[in-house]
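Take a look at these structures.
Here come two complexes built around subunit A, the first alongside subunit B, the second alongside subunit C.
Moving on, here comes the complex of A and B:
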């Protein structure tokens, strides 16, 4: 184990790959060339452009599925994905062993993967581990160590050659027989397919799987057929109601609404709200409510944003339609209104982790944002934050774009000061996922804490009448209420997963939980 | 089968609460726990339960604790309640240490624009109630609590008064009617409740029995801070006795009305327009003014309809009410905004205050503004307007400097 620059112990080697410890924000700059897929020849592909094969099994065989390969997919179908469980079922029937699964995220619907780990088909998962998979991995169930990466970090890892994808399986709501594909239409419409883009560019073999085959050309072609080896048509690739929600729901919790309103007031008081500004807020209840309070403030002040970073929701769509923003830059889509608007409104811009998040590129959009609002499970008094583990040590969430978004000009975490009896502000986070120097403001119902490094924000909001307090003060108040800080969970020294930083270095380790007696 | 005593919330997914099942016959003390925070707080919960057993003299019995993230003050309230439901003879108490935030005082004439009802048996809603800055938080022992939970809720409300920060909101409790209400007082009066809402008052005598009970309790516990009363009038009889009720106790600081029960008593439908209750509401305002106390309007029950809420608050202000009840934090801000003085009200009040200051400075006994003489009640009203303008951030505290 090696100690990295923030004092966390990390393994020197993971899954046979040498690891570089985190050296600090923007301190590590690798050199060399990017990875690349093998050269191909048109002579090996049908000249009529028809790459359709009869079954998923045939497609996997044609792509040479064998022991020890890395299989990847995107997560735009979220909890409604019907493809990946079939892929591993087939692999299992074929007797393939020792696969690495490399999804951009996994969901509770992927629970059957646990069986395929137990029967030897899959050795380990490199991707977000949450729900049943998180519990399974936290208990040390995988033969191999989990690697948690941000969306941008996933692109970086593939691009930099850290992860080589053998076969990418791209579920597509609509595609043509050449392999052009789009996510914005079809019975399983999910909006866009940006998370799968890197897979199609760098994998050895690419399979497009659709339930809505259209004659060439499939437009728009979010995925280009020139990167696709085979196309498979299934009856159904996803469960629409689990892919995007009918409508995204606003929080009704008065405390959450209060936190959201306080966040919007802070943004205004800190003078971030100006004509042509930009922001990003996710689809969580508090983030949505924040957007709505912000919208009212923008209307009252006659202010218009230049762009908002989606996930589109009906609330962002309304802002676009009411002329409160010129563009929505979409990374994904959260509800049906978002998908509809994306088809109809030219104000939507498709983005991918490459354009938005990749740290090893010539710039990205996340750093250009004026303000971003994110969640967290824990924050410590030095503003380090955790988003992947629960205070009891269990893996809970993936990183998503969270790490990448920290680079905005102002990063705000609106979070309740405690959930039931569990405090959010702690002495030391269970897992560091975001270094404190990048986290500017914590907004809780018991006060707003500004990172002492952000003297500009402190002075801008000094006379704002907002409840601005020291983070230690808020912590002390909550600890008093909950009867003292919680006991730390007992962990073993066995690393079940590592947390990567956006540059591929290792930020922290997640340990196996000690079994209850 | 041995009798099981059960206290706490029903269902699978309560929040910030604890359900306890207790049975007496056992040779040893046996406490078992299921909790979603067991890893982090399991030991602390068991320790706390054991300490309470010790404090109350319980040495045997089986306790099954089903915890849903309850805070310590909730755990002790639930433990004490379940033990006492099985052993009504135990007089010892298990009181959480009183927190510094719980010792603040109130004032007779403070603003009571908004008062937020919180069910006394729902700790989750109590924890952050004060954060939304209502003028008063009411921990409700009456209508919000089912009959079977009345007893156990008293412990919860008592403990909440001892440990929770209400962030400057006036600390109110609505007691039950009759004898049960008098018993409720024993739990809250010694714990710095500021104001008691007395439901369904129909006569001066009814209020006097509450008054006497408070005398008795304050003497017993040595409380010196005043206890304020706000009688709730909820029937035709009560309306017709409004003045005698308003004058029945020196502790009265406000008179309020409950229109749900009142309209039921009249046998009419409660409308948004409110014509059916105009007489009652005006009577309340007049009785309160005659007795020199505040008049507070009823609650708006539709929390989604902000437009109706604002209209109702605006009307209440026009009728002479000083405030309104709330059942959801979202109602607080609109009420404060509607009760805030208008620009012209503020300007007029400023002129009156300045003229009064002038007259004082010159030693004049009579205040005049232009050609008009100004009486003391007008000056008082102007002062009230200025204070509320300052509280509503419509006027600087140092406004006189800028004049």
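Moving on, here comes the complex of A and C:
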């Protein structure tokens, strides 16, 4: 174990790969060349462009599925994916062992994968683990260490050759027989396929799986057939109604609504709200409520945004269609209105982690945002924040674009001061996912805390009459109310997962939960 | 010199790089990995996304311009480019020597480059040479050997690492300060920027030069800012009215009109014309006339194409807007109606040599086409064709997408039997640019010759009453009329350029012209 620049212990090697400890924000400079996929030849592909094979099993065989491979997929169907459980069922039937599953995120619908870990088909999952799979990994169930990456970090890892994908499986709501594919139309339309883009660019073999085969050319070609090896047609690839998960519903809690309103007021007071500004609000209920308050303020002030970054929802689509923004630059659609709008509106733009988040490119969109509003499970008095583990140490969430968004010009975390009688502001977060220097403002129902590094924000808002307080003060008040700081989670010293920073270095470790006696 | 599989002599090494002789169509299998550009970090780029510098000179300095580098650009402005002469003027003033210029094509407007070869700034040009630069190279004026590649071959060469680009200069009719760029709008709109796409993906440094800077984000982002290092704003980057060159005007010659009509009739007789079919016709006057005849046939028969591949012109745009095709898959706009349509019509799609032509991908569009109609400077009795040199041996044209298109299901060359009293059908073409096995039909005003390999076409058209004849018969008739076969060009044994095949192997050599005494 090595201590990194923020004092967290991290393993020197993970799954046989040497790790670089986190060196500080923007301190690590990558060297070398990007990953390079094999050169292919058209003489090995059908000249009529028809790459359709008769079954998923045939496709996997054609792509040479074998022991120890890395299999990847995107998560645009979120909890409605119908493909990956089938893939691992087939792999299991074929007797394949020791796979690494490399999804952009796994959801509760993928719970059957636990059986495939137990039966030896899969050794470990490297990707965001939401719900039951996270819980399983927290208990030490995987043969291999989890690696949590942001959306941008996943692109970076593939691009930089840290993760080599053998076979990418791309569920596609519409595709042609050549492999061109789009997410914005078809009976299972899920919006876009941006999380799978890097897979198609760098994987050795790419399988497109669709339930809506159209005559060539399928347009828009969010995924290009020139990167695709095989096409499979199934009855149904996903349940788009399930992309609307619990986290994408507007909050009804009076406390959270108050926090959302305070956040919008802060944005106004700090003079961030100007014509041509930009913002991103996550899909959590409070963030959605923030967007609604902001919208009212924009209408009242006659202000128009130049762009909003999504995760798109019907609330953002309304803003676009009412002329309150020129563009939605969208990384994933969170509801069916988002899907419709992406199909219909020129200003609703399909993006990818490359354009939005990749730290190892020549710039990205996240750093240009005027303000971003995100959630967190814990924050500490140094503004470090956690988004993957709960206070009990269990790993239950993925990072998403959260780390990448921290580079905005103003990052605000609107969070309740406590949840289920557990204080959210702590002395030291269980897991550092965001370094404090990048987190500018914490908004709670008990006041707003501004990071002391942001003297500009402190000065801009000092006459605002907003309840601006020191973070230590808010913490003390909450601890007092609850009867002291929260009890520390019961953890072993066995690392079940690491948390990567956006540059591929290791920020923190996640430990196995102590079994209850 | 080595003899390749079609008996042509080619140099074993060109510009210090070992060459692979042509091995036959689809016979050479590439090995190894694609080229890999350096990994970059956002920490080296402005977080506000503003990459604008004050001058082209500053941009070139910032990108580290120095002796021996390879500088590339696209040719979407064709004869109206205003940027590259400035680039080499600056390089010359900076005292830089020994550059390789790697354009996707050079035009008569680039004649000043000859001075920069003479003064040592540029050693040689590697790219299509049209007009005066071709003439100059044919006379042995370059210090280095020319390399002629098809559009697909240029993508292949960069992708496969045969050509490493140090600095790419992308003239962009509209761009934002981050480097997102599009060709479809702005005062200098030229349609698309697809020929420059590979440059932005693989070059070490990329400069976007625009005369129309818009607020971020510039959409559509045909070129993505995440691949761009520096942005420069100039008064004017190109003269779009000059993209309409002489070759893109409809023929008025009665002979050529007759050839075009015969070609369309052949397509109908061969049963290629069916609902959902596809075609590509080059930008030459005869090819355009063919498209017009075809259009009438389609209307009369109630037939709709699924897609037409462009070079787009107003004639193709009319077909799209009249509902005679679902899509134009466009590689370059040849007139301003093409530009407008690409901006306005969902069905007018921006493509690149990657999607359309690259032989070293997992398929491409060219092989899927039902029929393609192209020009040629010479054809021989074995159906080998030439498109780069004239009968006098002078290299005056580029290959364009010509070689790539030969892979269509039916390739037709409608050509006059003679030009300026020089027969076009010869015993042996001066330069082999297209192997005979890929050329299916020759249409002249003296009859139609079908390649004996295409028994299916011979059989389909045998009762058509079309003037189908043996190629040797047409040749004999023309030679007889002219008074014998043409005189052979006066050439030295010095190679001034090589002709690459789509897979990077060498198909033929082009020799220095003998000086007139």
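Going forward, the second predicted complex is superposed on the first by the 511 of 517 C-alpha atoms of A that agree within 3 Å, B and C clash if a C-alpha of one lies under 4 Å from a C-alpha of the other, contacts with A are read in each partner's own complex, and residues count from 1 in each chain.
Operating definition for what follows: contacts are C-beta pairs under 8 Å (C-beta built on N, C-alpha and C of every residue); 3 or more make two chains touch, one makes a residue touch a chain.
Values in this document were obtained by computation on a predicted structure and should not be read as measured data.
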| Where does A:234 make contact in the superposed view: on subunit B (first), on subunit C (second), on both, or on neither? | neither
| task | Could you tell me if A:41 is touching subunit B, subunit C, both of them or neither one (first, second, both, neither)? | result | second
| note | Comparing subunit B and subunit C in the superposed model, the one touching more of subunit A is C
| request: Check the residue A:213 against both partner chains and state whether it touches subunit B (first), subunit C (second), both, or neither. | output: neither
| request: Kindly classify A:362 by the partners it touches after superposition: subunit B alone (first), subunit C alone (second), both, or neither? | output: second
| If you look only at subunit C, which of its residues touch subunit A in the complex? | 26, 29-43, 45-49, 51, 159-160, 178-179, 206, 215-217, 219, 221, 224-229, 276, 306-307, 327, 329, 346-347, 349, 354-355, 358-365, 367-368, 407, 409, 503
| note | Counting only contacts in the complex, subunit B reaches subunit A at residues 15-16, 36-37, 39-44, 48, 68-72, 99, 127-128, 131-132, 163-165, 328-330, 393
| remark: The answer for subunit A against subunit B in the complex is residues 254-255, 257-258, 391-393, 419-422, 445-446, 465, 477, 480-484, 486-489
